[in-house]
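Note that chain A is present in both complexes that follow, paired respectively with chain B and with chain C.
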Partner chain A sequence: MPRRSLKPCGAAWCISSGAPFVLGLIAALIMCWWIIPAVFFVQKEQPVAFTHASHIKNQNCADCHFLRADGSFSAIPSTEQCASCHADMQGTSAAEAGYIESYVSAKKEVPWLIRQKQPAHVFFSHAAHNADSCRQLGCHGEYVDENALCSTCHADVSALDTAPYLENRLTGYSKDTMRMQDCKSCHAEQTHLEMTDAALACNTCHK
Partner chain B sequence: MKRRDFIKFAAGAGAGFAVSPLPYNLAGDLAVWSQNTTLNVPDGENTFAYTTSKLCPSACGLKVRLLDGKVLRALPWEEHPLGGGVSALAIAEPQLLHSPARVKTPLLRSAHGGFTPISWTEAERLLLRKLREAEGDVLCLSGDETGSSSAVLSAFLKGLGSDKMYFMPSEAQCASLAWQMAHSPGAGNPNSLYKAANTQVGFDLEKAGFILAIGANFLENWGTFIRNRRVFAQKSGQREDNFALVYAGPVHNQTASAAGRRVALKPGAETVFCLGLAALLVQKYERRLNDRGFNVIERNLNSFTPAYVHARAGVLPSTLEDVCEKLIRAQNPLVLCASAFNQGSGLGPSLAGFLLNLLLRGPLNVITLHTPNLAGVKTRSEIFRNDFVKDLRKAGGTLPAKLAVFYEANPAYALPEPTSAAAAIRATPFKVSFTPFMDETALLCDLILPTLLGLEKLDDIESPHGCGKGFYALCRPLAAPAAGIRQGPRHGLDVLLETASGLGLRLPANYETVLKNKARDLALNWNDLLNGKAVERNSPALDSSSFSFNLFEKLLFEALKTEPPEAQLSLAVLSRCALGTPQTGIPPFALKTAWGKELLGTSLLALMNKSTAQKFGLADGAEITLRSRTAELVARLKIFEGIAPDSVALSMGFGHTALDAFSRNKGANLFDLLQAVEEPGSELMVWDKTGLNIPLSRQTTIAATQQGDTRPHFEPYSAAPDVKPGLFRRQMAARRLTPPARGGIHSRRSKTWSEAIIKRRDITLQDGLPV
Partner chain C sequence: MSLFQLNTAAMRTKDFKIKWGMVIDIDKCTGCGACMVACQAENNLAPEAEAPPSDGGDEFMSWIRIYELSNRKAFPHHDLAYLPLPCQHCATPFCTGVCPVSATEKTEEGGIVSQIYARCTGCRYCMAACPYHARSFNRVAPVWPAGLDKIISPDVSTRPRGVVEKCSFCHHRFMQAKNAARNNAHSIYELEDGDYNPACAESCPNGAIAFGDLLNKKHRVYALSRAKNAFRLLERLNAKPQVYYTSSRDWVRRAGDNHHA
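Entry: the complex of A and B
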């Protein structure tokens, strides 16, 4: 009579045979979700403690980040532009005092760490994505809030002010930099494509 | 842990890794990392500034795009009097600022033969000492015909006691001398014959209802060719008054491509063809001029029968009569007669052109030139009277002075027999080159002083050859001197003017003062000029009574009595504006306009029609040796039917041994084949009639036999009857644009188009010529 094997079954089998697998799975998930990604980024401080939250209270985005007459985008304001208000102290903070002393008085540009910096070969026109273009199409109603439109692509800046600037060690870009899939979310969307002629061809964005 | 447990743990870890976002994020980061470059695209505000091109001989207007004040791009300035497009050279001006061939600091030849950088102060001190040692035995050769620099240089030389101020030879010189001599009252010493020292001829294309271009490639390199293109595009596009263009020349060039009718001429036969037409006008249509000297012209024209023109120029009598009839019927016909490569033609073509225009009452203007008011200054016309090639020949093996100043001129490359010119430069005790680029001549000099380019310096441009009315504009500094260029004077001539004060000469302190005084004398607002304003001045129409024909017998008909050199082939020179000037070399973007296989090695492409090639037993692609009386050159044969019979066409602009990588060691220098001879009557040196022989070697014969030619054979273009406005002109009319600035006759589009037209013809050949 053949001898019957004494293999464990049920919960006992899981514990005895599946435990190493489960342990590996849990360990990898912890490493890959939390520990390794943190290693990829280095936290940096902005040279000036600037806060969008206090500026957005009585200003629009376009007051500082405007389109020039030739259609190009001014992006980060120069010290000269900032000095139109901050030539003298507007508040009482030490950060503002330091800014005026180090940059406005010294007529130096601030080496900002730019969250939305894109590679040189990526072409993006703010002029083609502004509120006027949307108003003309009328898809989002007659009134398109300019600040809300900015936040369609850019993260909520008032929330970002408090978030640390994390630079990817491999790419050199900010963690908040838009990726191609962010652009594709509109450019590859059929309805949007039909309404705006926003082609998905490579050379629409890559020059 | 057992082995099996470890495998289970690894499998679990792998599964965890796979379901986490890490692999996807990592892949994305790697993709971005792989695209990271050091390329830095500048960002800033775009502005536009308007100026006039100093580098381009057409002096076209430029709309310069600046990004945060830095020059980025040159665009056409449509409203400029000489604009309407942009040439291959002018469009490359922003890139040429950063050419690796730029001279960045004063250089002194050292004892071991190389160059040592020196300071501006040292350079000025050395120049002052050498000028004192030369004791007035100084010459200056300038490549800047249109600026006030020549006036300053001539006044400087006069102060030193020298009259040896020269320009590089050009069509402008031939036209100016012909103009001056045509205004002379009588015979005598040639140097006392020149009159009209302050005027030049203006070609009023805007008024012309019919243009006959004889030799003059007026849509590609003759005169103000960008403005010529604009006027032609407007007129042909609007079908203005049945406007038509006829081109007569040895090569099917860009002008021929756009012309309604094309006539094949033997190279250098422009004058004969022109006089054949004049003879027909006088004899058949009884056109005459009320001048006492005209009977001499009439008597001489009797010998220019259609049969004689056929024998000398290769044009059939019926063609001659047909063209003549078109001229008679046209309203305001204008004849442009010049060398097809813009130099070396002597006075013949220009004088014959004047005669034909006067008979036809063509729209010619009189342009008054303004010369800065300096002690001992020479006008542009007076400087043209000095023939550098002749004086170089006379001096025998050296330059005709102890000290030579080359101002933006490159004689070691762009004179006939350049090796002799280079040897003469070497043999001269001290020579200085004012140049923006390290060219062939600079390499032979003892002192090199960098000059700035048109986008970096303040300079002026006055009435370039070929313009219709008086023209004046400034080019001004839009860009800071390119990186690495050591800061020095604002203009190269400021060094000379400072030296002048050291020598005790009475000259203005700097070049800007000269220009300001000139603007004041011309009653022009300096600030307007600084803002780019280009001024067109009123120029009266030519009054034929101001012309004198007394010298025409001596200057024009005498020259034609000499027979062309006996040779198997006549050389037709192709001058392509995309290949730049001798000073600049080939502009950065223009190298791609070279024809297929043209840049293989250091030989040239020789264009020949098939019947001519068959005479020598040659096939397409054969390597041939072309031998002139003084030199020989290896070329590769390309069958092209747009060449007159018994002729071979070669391109000029290749074969630089200096300058940058875009120009150096590409092809051969055509000037090696050219030999200057004296034009009877005017005693001006000419080199537009070069005979070539092909010494058939064994290799050539084998190459010809082995390769064979299976390409379709098209008939010679000379036979083409009138062509209705074709694709080329329709496209220009539709787009209101000038013809393409690059590509030339061999660009894929125009070649295909011209071949397509040729293909449609039914041609009968008689005596090797089309009927």
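Entry: the complex of A and C
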């Protein structure tokens, strides 16, 4: 009866050593890290080449994105608001000239692609999360940097202009859209719950 | 002590700093249905389907229903009353404990029993558990005729077919009132009477529905809910609803606890 050789050689050695598993793992990692995400998301361009970096130099977030008197949030500035500066050319770029011609003169709203657009069953209160609410609690003293506070949830605006807008082909939402686990990272945190008015009830965020 | 009382005594009653409640004056209610219309418009309930389902389900979707009560006496002594019935937002709700997916709960400050449609699987255990029949099941997909879809409010989500719906005391208005309070540096725990008012209370032409914080002495409902003629429905079940009714008529108050049936 021929005995199987114990000496590793050829294809039999490859199979018994676990090489197929390692190769398969590498293939799966490549698929999951690079290929599948690229298939899921489609890159889109904003209708106007707007740059936050040049606007944030001498302005605060709240100059364009502000709370109304009733506590609701004016998130996307209207063309009328933008035209308070951009009625005439402020610089020399072709993007600005195109914007004034297509939207300000035509009195049209810009169909911006919104990175943080939430589904219709999600409620979010900017009034509860703004810098004044933080200052009133006094945990961080008087010093609450508004721009840094916004960047806690929104992508950093200076980096935002260079980051592509990626839309999920299945859901239609931006890749940057905040998920429930991001909300829960503060709302489910016990120390945060005790110090603030934050609640962990479902209907605090769902409507 | 009845079985129901034993059950509810074991259930945890959460203490809240504010407790939103409603006091409905049955003597003022004419059964006109303005509250139902206001509720449907406010909360994105689709118009009734032209061909309702024939499998014996709910006749229509409504978060507040008006029941007609009768003292069942012959003509000279006959008397009618109308009883609007929203979700009672019980202090010890029967519906929340039976939900297998925690789609309904009573945890947020204010004591409003929530209903999360994105989470609801439509098993309808809560409907079976609710002694007030305050919940309704979305049996057919809601359809808004062309043009009417423009009145859909962004403050309330629309629901798909196959979920359980119920009154939320217009919870989005509570959130808006809190937003306004925060923006004006007022405490969200001390909202003024009237800062937060559901659509039904706002629309009642007779002012039969009062709404406010049952624990705040500055709110009208504080005194109204503690008045001599105030009662709650099926009080012997010990669910402790946050909706109170008042009537000066004895037979109406007795009907409230189902002794009449």
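Simple rule for what comes next: the second predicted complex is superposed on the first by the 191 of 207 C-alpha atoms of A that agree within 3 Å, B and C clash if a C-alpha of one lies under 4 Å from a C-alpha of the other, contacts with A are read in each partner's own complex, and residues count from 1 in each chain.
Keep this in mind: contacts are C-beta pairs under 8 Å (C-beta built on N, C-alpha and C of every residue); 3 or more make two chains touch, one makes a residue touch a chain.
None of these values were measured; they are calculated from a predicted model.
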{"item": "Fit-or-clash call for chain B and chain C when the two complexes are aligned on chain A", "value": "clash"}
{"item": "First (chain B), second (chain C), both or neither touched by A:127", "value": "second"}
{"item": "First (chain B), second (chain C), both or neither touched by A:204", "value": "second"}
{"item": "Chain B versus chain C as contact partner of A:98, first or second or both or neither", "value": "neither"}
{"item": "First, second, both or neither for A:23, with chain B first and chain C second", "value": "first"}
{"item": "Touching partner for A:72 - first (chain B), second (chain C), both, neither", "value": "both"}
{"item": "Partner chain in contact with A:111 - chain B first, chain C second, else both or neither", "value": "neither"}
{"item": "Contacts of A:170 with chain B and chain C, given as first, second, both or neither", "value": "first"}
{"item": "Larger contact residue set on chain A - chain B or chain C", "value": "B"}
{"item": "Superposition clash, chain C against chain B - the stretch among 5-13, 23-31 or 185-193 that is involved", "value": "23-31"}
{"item": "Interface residues of chain A shared between complexes with chain B and chain C", "value": "70, 72, 120-121"}
{"item": "Residue ranges of chain C in contact with chain A within the complex", "value": "102-103, 105, 107-109, 112, 114-119, 154-158, 168, 171-172, 175-176, 178-185, 188"}
{"item": "In the complex, chain B residues that touch chain A", "value": "1, 5-6, 8-17, 19-22, 25, 28-30, 32-33, 35-37, 39-41, 43-47"}
{"item": "Chain B-touching residues of chain A, taken from the complex the two chains share", "value": "17-29, 31-33, 36-37, 40, 68, 70, 72, 75, 119-121, 168, 170-173, 179"}
{"item": "Interface residues, chain A side, partner chain C - complex", "value": "67, 69-72, 120-121, 123, 125, 127-128, 132-133, 136, 197, 199-204, 206-207"}
